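Consider the two complexes below, in which chain A is the common component and chain B and chain C are the respective partners.
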Partner chain A sequence: MNAAGAVAAGAPFALALLIGAAVLAATGFSPLDVYRLMLVEGFGGERRIAATLTAATPLLLTGLAAAVSFRAGAFNVGVEGCFFLGGLVAAVAGGRLAAPSWLIIPAALVLAAVIGALWMALPALLRTRLAVDEVVTTLMLNFIAIGIASWLVNGPLLARGSANSATPPILPAAELPRLLPPGALSAGFVLSLVLIALYGLWGPLTVGGFRSRMVGRNARFSRAVGIEPGGVVFSAMIASGALGGLAGGVHALGLVHRFVAGFSPGYGFTGVAIALLARNSALGVALVAILFGALSSAGANIQLFSDVPIEIVQILQGAVMIFAVAQFRGRRA
Partner chain B sequence: MIDAFLHAAVLMTTPILLAALGGLINRIGGLVNLGLESMMLTGALVAVQVSAATGSAALATSAAALAGAGVGYAMSLVVTRLAANEIIVGLGFTVTTAGLARYLLKSLYGVSGTYDPPGVTMLPRLDIPALDGVPALGALLSRQDPLTWAAWALVPLTAFALNRTRAGLRLRATGSSEATVRALGLAPLAIRDASTAIAGALSGLAGAHLSIGVVGLFNEGITGGRGFIALAAFYFGRESPTRTALGALLFGLFDAAQIRLQGQGVPAELVQTLPYVIVIVVLTGLGLADRRRRLT
Partner chain C sequence: MKVRIGARNLSKGFGPVVANDAVDFAAAPGTIHALVGGNGAGKSTLMRILQGVERPDAGEVILDDQPVRLAGPADAYARGVGMAPQEFMLSPQLTLLENLILGREPMRRGLIDERAALSAAEALAASAGVRLDWRMRAADAPAPVRQILGILRLLYRGADVLILDEPTAVLAPAQIAELLQLMRKLKREGRTILFISHKLEEVLAVADAVTVMRAGRVVLTTTPSQTTAATLAQAMVGETIEPPRLAARAAPSGEALLRARGFVGRDGLGVQRLGPIDLDIRAGEIVGVAGVGGNGQDELVACLAGLAAPAAGALSFAGADLGAASTAAFRAAGIGYVSADRAEEGLCQNASLADNFLAGREALFARAGVLNLAAVRRSARAALAALSVRYGRLSDSAATLSGGNQQRLVMARELDRAAKLLVAAQPTRGVDIAGAAFIHAALAAFRDRGGAALLVSEDLEELLALSDRVIAIYNGRFVGELRQGAATIDNVGRMMLGQMAA
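Right, the complex of A and B next:
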């Protein structure tokens, strides 16, 4: 992300903060005080930064998942569903495979990625074979995935003796290692950064990365120069699904340590906003995801220390999403 | 038993039908509205607030329609004037209003998730004494609220307005050929904004039906994804209000059925996913038909 890109990404943030300020002021809070508190709660001190990075971990991966498919021109908004399914599969695998950590963790994460990839196979096929709009199909698949996951966790997979809709906790061996015990920040954060770095290298340095950008920019031109867009779009959507599933797996093994109803408060949709704001750049995804992580981590603390409802975070995130796709004058790249 | 089911099916069709007709009008005007859910939620909250404050269901309903139209218009401006992707803006509005509703419940009323003020006046139920005791028909038509009647009256009205009036022609032209509309000296973007405001107003009514027509309070989950089911209904209906109404009725039947099926061990979570499955099936069917047409 260059300087112009940073300015472009800043405008939606600024507008969202303005809207948030209006809401805060209208309900009797001082916007400046609240935002200052948020900044402190998000980044002030090692412990708070660790909390921010913990909150950012699922967003790094869902943002990456969205970016991978957007880059190739496939508008996959189905990461949320993949996240649920990946989390469920990883939690079940992590609860039942009695094996040492070096085996159980990779196995559970691979299964999570596989289910996410499989879940995207149908919309990817429909898009590339029948030209069915992937936005609607992937959106609908979210609701189906969430329905299936909540059914499984309420019935067949419900933890014995549990009133809440949750699977049994995963085995201790399946938990991702903590980076700063006893803090919650897990190795999932490092894994996310590594994957984003790989994506950053793949884009400009490999043939696949080049083809994906060509197809995303101009599918007809790509076809004319011998790059078949169908295959590129199909792989991008499958990779996006795999990353979405992996994101859920990392969240289950790294933080929640089980699967519960309402597993994701919308990480998949926030990922869409992140990828859009970052214009699919690797560095951008990392920065914006950490910013969103700070927002949600700070929001939780703010509710504790002042009376500001935590939903101010959701309002800000939604507003960023709205303006992330707006074309402001002179912004056309 | 069967009568109660039929009554519930009609009742649950109303919000989906209202929002779906709005979505259909909006789509014909060239905007696929993924923010119906947000306008529905706004309408549901405003209806409870106004009903509790004034004791008038009519005022509450009008306020809900206005509020929904306001949200729709705001959303439309972002899409038409800032050239933003309508899908993302729609989802963004859904996220924002869901957060805003919870935020306002906490900061204004100090409650979490559910707002149940005293003195909420519900929509009246219209008795048809002549039909009392008539099997099926009585359950279908008697003791329904005015918004249900309005929703069904809107089906032929919408069809007529779209096909036989100047406004309808201009709306269709806006959706299919913006340049033509501009050449006629009209403003296509303003027409599109108006159609989004209509979609918002109808979704606001749908929300009012849920809050002061069915349950009598506001809950953060009151819309339960019905805005997206409405999307499914107008995708199912393509350009036709009648087919859209059939889709809405089908989903209303599912909605009423799932409450009953739950008692018999059929998981509600799976029944609830059926509308979304149907959308994918319908889109696949359309895609296959298109391909066959291309090949022949």
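Right, the complex of A and C next:
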């Protein structure tokens, strides 16, 4: 991300903070005090930073999943559905495969990625074979995926004797290692950063990264020079689905330790906003995801220590996304 | 002399680039004033200032003998100055009538008064001596209709100074004649026209006065009766450019490199536009295809570049069957392609020069999937230098290049691939004289190295200068073929219109 990109990504945050300040002032709070409190709650001290990074972990991966697809010009908004399915599959595998950690964790995560990739195969085929708009198909598939996962967790996979819609907890061996016990920050955070770093290298340095960039910028030109856009778009959507499924798997094994109804508060959609704000750059995805993580982590704490309702954080997040999308549309038009 | 529109000592810079340097010019009312110059000479900047889009850094715009400050395009319109841009912008889903009235709709009880709009449109068309199907969607309208609509829209808005930026660039010869006719008629009615063109014959045929610009300055102001095309061309480029003269030579013999038999092409809607035709192209020859736009050339080019599959027929290249091959396979076999749509298909405007150079060959510059970026930069520099592309840095986007340099970049990429056959469509459209001469020389050199080329162009002079043989295409069929030497503007022009060669 260059200087212009940083300004472009920062502008929606600045505007959102202004709107949040207006809302705070109108409801009788001092915006500066609240923002100072949020800053402290987000980044003040090792424990709070760990909480921010924990909250950022699923966003790092969903942001990456969206960026991989957007970069090739496929506006995949189906990461949310992949996240649910990946989480469910990983939780079931992690609960039933009695095996040592070195086997069970990779196996569960690979299964999560595979289900995400398979879930994207249909919209990817429709897009590349029949030119069906992927925005519509991937968006709708989210509801189907969430519906399937909710039904399974309320019926066939419901934990015995549980009143909640949840699978049984995963086996201890399937839990991702904690980085700072007893804090919740897991090895999933490191895995996410590694994948983002690999993406950052893949983009400018490899043939695949180059093709995906060219197809995303001008598919007609790419075709004329012999880069078949269909294959590139298809692979990008499948990779995006795999990363979305993996994100759910990491969330299940690293933090929730089971699958529950309402598994994701919209991580997949936040990932879309993150990729837009980051303009698909690796560094940008990492920074924006951590900022969003700080927002939600600080927001959860803030109402413990002040009268500020948690909704103010949701207003901030919503405003950032609106400005991010407005900016994106402006560039496309 | 009375001045309807002009400029006095006008200067405008963009960063370090001086686009207009103390420009003086004046157009009398009721005249056609032509403005010629190479790419980047400053014509477009001058027009944008006269239209109120850009503000001058120094100097002033003159309207009706008075210096004025234009607040913006709306102000210019209010003073009767309107411009039809080079790529005329239409809303494709709207009808021609709706495009005409867009932004100035006649209203009645809060709704658009269709009847009033139509009668105003018909009256305009009648006064201009043209007929349009006003219910046609803009997307379906051919290029000349769109150009005429662009002019009618200026008239509809009450402009009496019409700025026309290369209105003939995408028109065939017969359509150009019609457009020039319309311009003369508008002049007789007292309107003033600023006419930008690269084509000196048109300028000499229609203009009352000519201003030549080069590197941001006015270098010559004259009238057609006092000058010649050669003088104008020399003023434009600042030095004499030798037109490429291909020595007459024996026809290359031997096996055809490309062989098409019973070839049929359809357009995007499935309508048959091409064929059946047979075509042989040998190594070391340039085959020119002459035709009025829309007679099947687009389909021929798309099929031979591997962008569209032929509906029927066989195609072999260097002995291999390419009937159902992918675009990538066409390129791997050694077929290069210079697109007529440089802006969208020939280049990726928002990608860097290095990326544009690399595209399609990335696998050759990679080991185990990892690009050797140093090698890419080295080759890109060498290839761009070989075609004298003027650029800042390899990381600049292609959009920063002028039109002529963009096309050189395309040629650099396609020639650097060591193609055996180059499919070149309108390779010098919108390119200035010096740039066109350079591209012609590059094509001729490619042929002399044993390369084969299919050259599709609406510029007959270009076809005649470069082609070893010229094939005329009409209604999708090849209607005649003339060897170099036998082909003249006159007989090729007649063949293009479907009249068999005498």
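Definition applied: the second predicted complex is superposed on the first by the 326 of 333 C-alpha atoms of A that agree within 3 Å, B and C clash if a C-alpha of one lies under 4 Å from a C-alpha of the other, contacts with A are read in each partner's own complex, and residues count from 1 in each chain.
Basically, a contact is a pair of C-beta atoms (placed from the backbone, for glycine too) under 8 Å apart; a residue touches a chain by one contact, two chains touch by 3 or more.
The structure presented is a predicted model; accordingly, all values stated were derived computationally and were not measured.
Participant: Among the partners chain B and chain C, which is in contact with a greater number of residues of chain A?
Facilitator: After superposing on chain A, more of chain A is contacted by B.
Participant: A:228 contacts which: chain B (first), chain C (second), both, neither?
Facilitator: second
Participant: Touching A:77 in the superposition: chain B (first), chain C (second), both, neither?
Facilitator: Only chain B is touched by A:77; chain C is not.
Participant: Applying the document's definition of touch, where does A:309 land relative to chain B and chain C: first, second, both, or neither?
Facilitator: first
Participant: Just chain B (first), just chain C (second), both, or neither: which does A:205 touch?
Facilitator: After superposition on chain A, A:205 lies in contact with chain C alone.
Participant: Does chain B (first) or chain C (second) touch A:279, or do both, or does neither?
Facilitator: neither
Participant: Taking the superposition on A as described, I'd like to know which of chain B and chain C A:257 touches: first, second, both or neither.
Facilitator: neither
Participant: Would you mind listing the overlap between the chain B footprint and the chain C footprint on chain A?
Facilitator: Residues common to the chain A contacts of chain C and of chain B do not exist here, since the sets are disjoint.
Participant: Touching residues of chain A toward chain C in the complex: what are they?
Facilitator: By the definition above, chain A touches chain C via 204-208, 210-211, 213-214, 217-218, 220-228.
Participant: Using the touch definition from the top, list the residues of chain C that touch chain A in their complex.
Facilitator: The contact residues of chain C facing chain A are 305, 307, 326-328, 330-332, 337, 339, 344-351, 355, 358-360, 362-363, 366, 369-371, 373, 413.
Participant: Please name which positions on chain A make contact with chain B in the complex.
Facilitator: 23, 27-28, 75, 77, 122, 126, 129-133, 135-137, 139-141, 143-144, 147-148, 150-151, 154-155, 266, 269, 272-273, 276, 307, 309, 311-315, 317-328
Participant: Touching residues of chain B toward chain A in the complex: what are they?
Facilitator: Touch list, chain B to chain A: 34, 78, 82-85, 87-89, 91-100, 102-104, 106-108, 225, 228, 231-232, 235, 267, 269-270, 272-273, 276-277, 279-280, 283-284, 286-288, 290-291.
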